[in-house]
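Each of the two complexes below includes chain A, the first together with chain B, the second together with chain C.
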Partner chain A sequence: MRVYILRRLLEMIPTILMITLVVFVMMRSIPGDPVVALLGDAYTEEDAERIRAAYGLDQPVLVQYVIWLGKLVRGDWGASILSGRPVLSDVLVRLPVTLELILLSMGVALVIAIPAGLIGALRQNTWADYTATSVAMIGVSIPEFFIGVLLLLVFSIGLGGILPSSGWVYLPGTCPTMVCGVSLWGNAQHVLMPAIALGVGRAAILTRLLRSSMLEVIRTEYVTTARAKGLGERPVVLKHALKNALIPTVTVMGLQVGFLIGGAIVVETLFAMPGLGTFGIDAIIARDYQQVQGFALITAFAFVAINFLVDLTYTVLDPRIRYA
Partner chain B sequence: MREIRGGSVGEAEIPAVAAVWPEARPRSESPFAEGMRRFGRSTTALVGVAIVAVLLVVALLADVLAPQSPITSDQTQTFARPSWDHPLGTDQLGRDMLSRVIHGTRISLMVGVSSVVLALFVGVPLGMIAGFYGGRVDLLVMRVMDLILAFPIYLLAVILMVMFTPTAGLIGIVKVTGAIAIVRIPIYARLVRGSVLSVREKEYIEACRALGVRDGWILFRHVLPNCLAPIIVTTTLGIATSIIVEATLSFLGLGTQPPTPSWGWDLKANVAFIQDNAWLALFPGLAIFVTVLGFNLFGDGLRDALDPRLK
Partner chain C sequence: MRPRLRPFGLALLIALAWLVATPPPSDAQTPKRGGTLRVSYGNEVANLDFHTAPGYEMMWVAMNIGCGLVNITPDGKFVGDAAESWTASPDGLLYTFKLRKNVLFHDGTPVDAAAVKFSIDRLMDPATKSGMRSFYESVHSVEVVDPLTVQIRLKHPYAFLLHMLAAYRTGLVLYSPAATQKYSLEDRKQGKPGAVIGCGPFKLVEWVKGSHLVMERFDKYFVPGLPYLDRVMIRVIKDPVTEMAAFKAGEIDFIASFSPEHVDTLKAQSPNAVIMTGKETTPMLAAMKVTVPKDGKPMSKERAPHPIFGDLRVRKAIGCYGIDRQEIVKIAFKGKATPWVGMNPPGTLDTVDVNALCPYDQAKAKALLAEAGYGPAKPLTFELMADTEKSVFNVIATVIKEQMTRIGVTANIRLVDKVSWMNSTLQDGPWDMYVEDLLSLITLDSNAYLSNSTSTWSHPRHNDKRVDELYARYAQEMDATKRKAIAKEMQEFFVENMYWNNISGSPFYMVAQPWMKGYVYNAEFEVHYDKVWLDK
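Showing the complex of A and B:
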């Protein structure tokens, strides 16, 4: 097992390298560069050349990438060309916001999907099943930002503004500066709508998946055996059937993480949250090379790390799956 | 990985269908015709078809149906509430919202359908070649495909759009279409490669080879038809996904640029005013939802009908 984990950790490295390299090359193939934006009206060719040389932007792209990597292994993520701030500290400030958003939205997804999927499968072809499947169908068809807008209409405008429409209050212990708002309650108010907006679509996908895999599992012989030996319905469903039906669900959840990271860009933009999503999109649009690289790095890392965790979860759900 | 399934066609009939299909079906009916008959019995699938059909008509006849120009602004009529003259009201530039929503159908369907078709035309041959020839070709093609798949799709789509520089009009539409197609090519390549691998070793392919049939003919005449059902299903559902991606890119300001009417852009532009003008953000959002729902119902129905094995 230890060898397996080590091997998987090593296998992550080429994937992360490839993703960051492709982003690196793509960003630099966009016409124009951040130096033009930096200088603005005061642009002169000499100044631009000087600044490009200072940031190493006059080097061939691959050389620049190697330099970036070299600094990275020494813990230096570079500094933003436009603001001059170190990228790593910006990423660390914004990471908790997005992490909280993504974890909570996954929680929202599971809290909805597990009961809904179970009911759909166990009460197949009843009104409860039809309700669950119809709602799931609607859920997969609404983009995150529209759910967000609907929530805004209901909770920020309709019900007298009981939830704030934008901004952020930090969780205690995650405040990056001396001046930000910190409160558990305030944080909950700010994160609730974004987490639901992001989670509902995932919930719908997982509900559909869990329902169909439960329907399959419930017809297997070991479930019949479990019933035949006199087990109650609850342990049969929860211990024997659900655990096995969860395996494909967990796989898809891992795949959904890519969507969650993308969805975070959208939801954070809508609710004006100071997370990694808004950081990333702003950096990409401003072509702030160093910031984009930082964003690509953390995204790629999150992506491969979560897929790794998913593989580990299999062994918990199904002891027959073993990694040597 | 198995496909996600939903909809309300009873599962009860699936095992029975799977058991008789394809071997024991009556000789007179092809699996396709039988699938279409099953499709016709599903209410939800027909609702999907109806939605898609209506949207196609709206897109084709947008110029006739829209009461006004979607881009002409009337400064005396800004933020008009829904009325007889402007059934969905007007936006901050005094443009008729109904006309914008109607014309938005064009962009949404054009990008949704053409990006999937483009991905299909690149991805299917790639998958067929990789699966059929195997070896180094397979390794090379699938490495590239896996690399694209390793990206969170929005990250890739967003960077591609910044690379292409979003613009208005037809060229803007082409750019968005291209970006979404690139992200979706690997889905088809993988799907087709898998099907080809399983078909490749069948006796009838061996028979073709023994008869000296050319590879190209074998691929298109004998291999492809056997992979068609999952391709059709994935394409229909893929249109739904592409429409969401298009709307999302527009929402982020990276889709087609104004004045070209786009639902995602309109929604984004009007969110700022929802305090007093809720309907402005509501209608473009509803339009996206209904369109995506239509294609999802359609695709789900097709899956149940054409390929019971996909469940």
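Showing the complex of A and C:
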């Protein structure tokens, strides 16, 4: 197991490097020069060349990448071309917001998906199944921003502003800056709508997946054996069937992290949250290469790390799985 | 039988009830100290070096952290800021400013003549790379007479020196020499504590890019009793729907710039909202490129006519007669803007209505195109660029595209983001026409750097020296009546040559909660929170 974990950890490095390289090359391939945005109306060709040289933008792309990588190894994530702020500190300020949003939206997804998937499978072809399947289909079809706007209209405008429409309040002890709103209740209020907006689509996917896995599992021989031995329906479903049915669901949950990060860009923009999503999209729009690289690095790491953890959870769900 | 009230008695009772229910008017108007003003900006502050950073959001911060020599009121009067009084010599070449005695920078150093000289010299220094430098072209030197007297000597008379010092972009923002020398430019740009030092009513507490900017009262501000607020908290909310929801829920007190297309919705959602607007001062234009580099090198001084719009007949056919400005305003602005051909929008000083020079006339447009060689046998096609910063640009581009088909012309819309637009336009890239609103204009003079023949920001890249000569004459004429005549001549000249193809003015809105008091609306030019107080 230790060897497996070590091997997987080592495998993460080239994956992350490959992602950052692709992002690096792509950003420099799309039209738009950050130096023009930086200089604005004071733009002159001479100044532009001087700044390109200062940031190494006059070098070939691969050389720029190697320079960036060299600095990264020394712990230097670079500085924003536009504001001059260190990328790492900006990323660290925004990371807790997005992390909490993603974790809670996954929580929302599971809270909806597990009962809905179970009901759909256990009451197959009944009105309960049809309802769960239809709701799941609607959930898959509605984009995050639409759900977000609906929630805003209902809870921030329609019901007299019972939930705040925007901004962020940190959990006690997590304020990364000098001035923060800090409160457990305030945090819960601020994260609820964004987490639902982001989680509903994922819930729909997981519901459908869990339903089909459960349908497959409850028809297997070991489940029939368990029933024949006189076990009640509840332990059969929850102890024997669900654990196995969750394996493909957990795999997809890991893959869904990528979608959640993408969705976070939309949801954070809609709810004006100071998270990594807004950081990433602002950086891309401004062609702030250093910030985009920071964003790509942290999201790639998060994606790879979570999928690694997903792989490890297989052993918990199915003791027959062993890693050598 | 119940006694009936006589009409007089009834009126007396109503009057008494009203008196009891209504607090005395003096109470309602007495400013209250304290509280945090929560402000929403639609865009991020670029950075906090006020002398070089672009964008209105930065300017609106600079105006509250910084102070200058003078400010301008909505009716165009100048009021002293750090300057107590000022005089101009009869020949208009020497301005003498007397400074107030008690003005301090936030680091405790005095605002004196040396600091004024330091700040202006810094802006004029090419090494500073300030976008404001061109505004100081007329300044010969700044001289310290004594600690509280400073003189600005001009190379030639400049009628708009005070306008420029008050409101061209940020206006003059004084920098503390001590803090500027102590901290690096990077420190200032990042808003490091101690690096951003002004002499305004608020001092910077913290700027977290993408999250918030916090300013708090400067207790040694030179105006006794001001500011009333303890703090100003600025947040960036880019989505107007979220901005409206936050406003309705009372999460924000003030929206510094609100999108015109959502004003009706906001009014319906928040009937008590105080919606502030005024005469339009920002031009919405459909610029046409006049020349291209002859040698293919961007920004080359060797110019050739643009293959399409290098021909004045085509520029006039498309820009003057082929565009129905009324229709654009009706669709894109729901009628809330003014169709305006002249380069000076309706709210700008010395504006002239020259709409009559460009009536919508499809027949005339077609005739001019035919004269230029375009018609069914050789149809005209051009690219119409719109950037995604504001949705209204795309709407206007779509209407223009439709209007072009009516005169047999095809306009292909290219939607780009702001940085791509800046790259294409600033670097003399390949574009034919674009839709944009540019700088808000307090005077016609302030538009020189966007439209004279030598400016980087003159995107059409016309090379007509007569434009420069007109601008110079206008700026140096000290007689207001004669100046107005030159302004008219200049605006007509621009329309006749279609160097600047205006569509309309661009309405500007600010929105405040009913409890936000004391704010004086002066469009984008002056956004000050020093007299603001919260009545709650």
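Methods note: the second predicted complex is superposed on the first by the 323 of 324 C-alpha atoms of A that agree within 3 Å, B and C clash if a C-alpha of one lies under 4 Å from a C-alpha of the other, contacts with A are read in each partner's own complex, and residues count from 1 in each chain.
As a working rule, contacts are C-beta pairs under 8 Å (C-beta built on N, C-alpha and C of every residue); 3 or more make two chains touch, one makes a residue touch a chain.
Because the structure is predicted, anything quoted here is derived from the model rather than measured.
Once the two complexes are overlaid through chain A, chain B and chain C clash, as defined at the top of the document. In the superposition on chain A, A:116 makes contact with neither chain B nor chain C.
In the superposition on chain A, contact of A:269 is made with both chain B and chain C. Look at A:152: by the touch rule set out above, it reaches both chain B and chain C. Of the two partner chains, chain B is the only one that A:251 touches; chain C does not reach it. After overlaying the two complexes on the shared chain, residue contacts for A:31 are found with chain B and with chain C alike. After overlaying the two complexes on the shared chain, residue contacts for A:166 are found with chain C alone; chain B is out of touch.
Taking chain B and chain C in turn and counting the residues of chain A each one touches, the greater count comes from B.
Once the two complexes are laid over each other on the shared chain, residue contacts for A:191 go to neither chain B nor chain C.
Of the two partner chains, chain B is the only one touched by A:280; chain C is not. By the touch criterion defined above, A:133 reaches chain B but does not reach chain C. Chain A uses residues 31, 149, 152-153, 157, 269-270, 285, 287 to touch chain B in one structure and chain C in the other. In the complex of the two chains, the chain B residues touching chain A come out as 1-2, 4-8, 10-12, 44, 147, 150-155, 158-160, 162-163, 165, 240, 244, 247-248, 251-254, 264, 267-268, 271, 274-275, 278, 281-282, 285, 288-289, 292-293, 296-297, 300, 311. Chain A makes touch with chain C in their complex at residues 31-34, 36-37, 39-45, 47, 79-80, 82-85, 90, 93-94, 149, 152-153, 156-157, 161, 164-168, 177-179, 269-272, 274, 278-279, 282, 285-287.
The touching residues of chain A, when paired with chain B in their complex, are 15, 18-19, 22-23, 26-27, 29-31, 124-125, 129-130, 133-134, 136-138, 140-146, 149-150, 152-153, 157, 205, 207-209, 211-213, 215-216, 248, 251-252, 257-259, 261-263, 265-266, 269-270, 280-281, 284-285, 287, 296, 299-300, 303. The touching residues of chain C, counted against chain A in their complex, run 44, 46-47, 52, 54, 129-131, 133, 185-186, 189-190, 205-206, 208-212, 214, 233, 235-239, 241-246, 248-251, 269, 299, 416-420, 422-423, 426-427, 449, 456-457.
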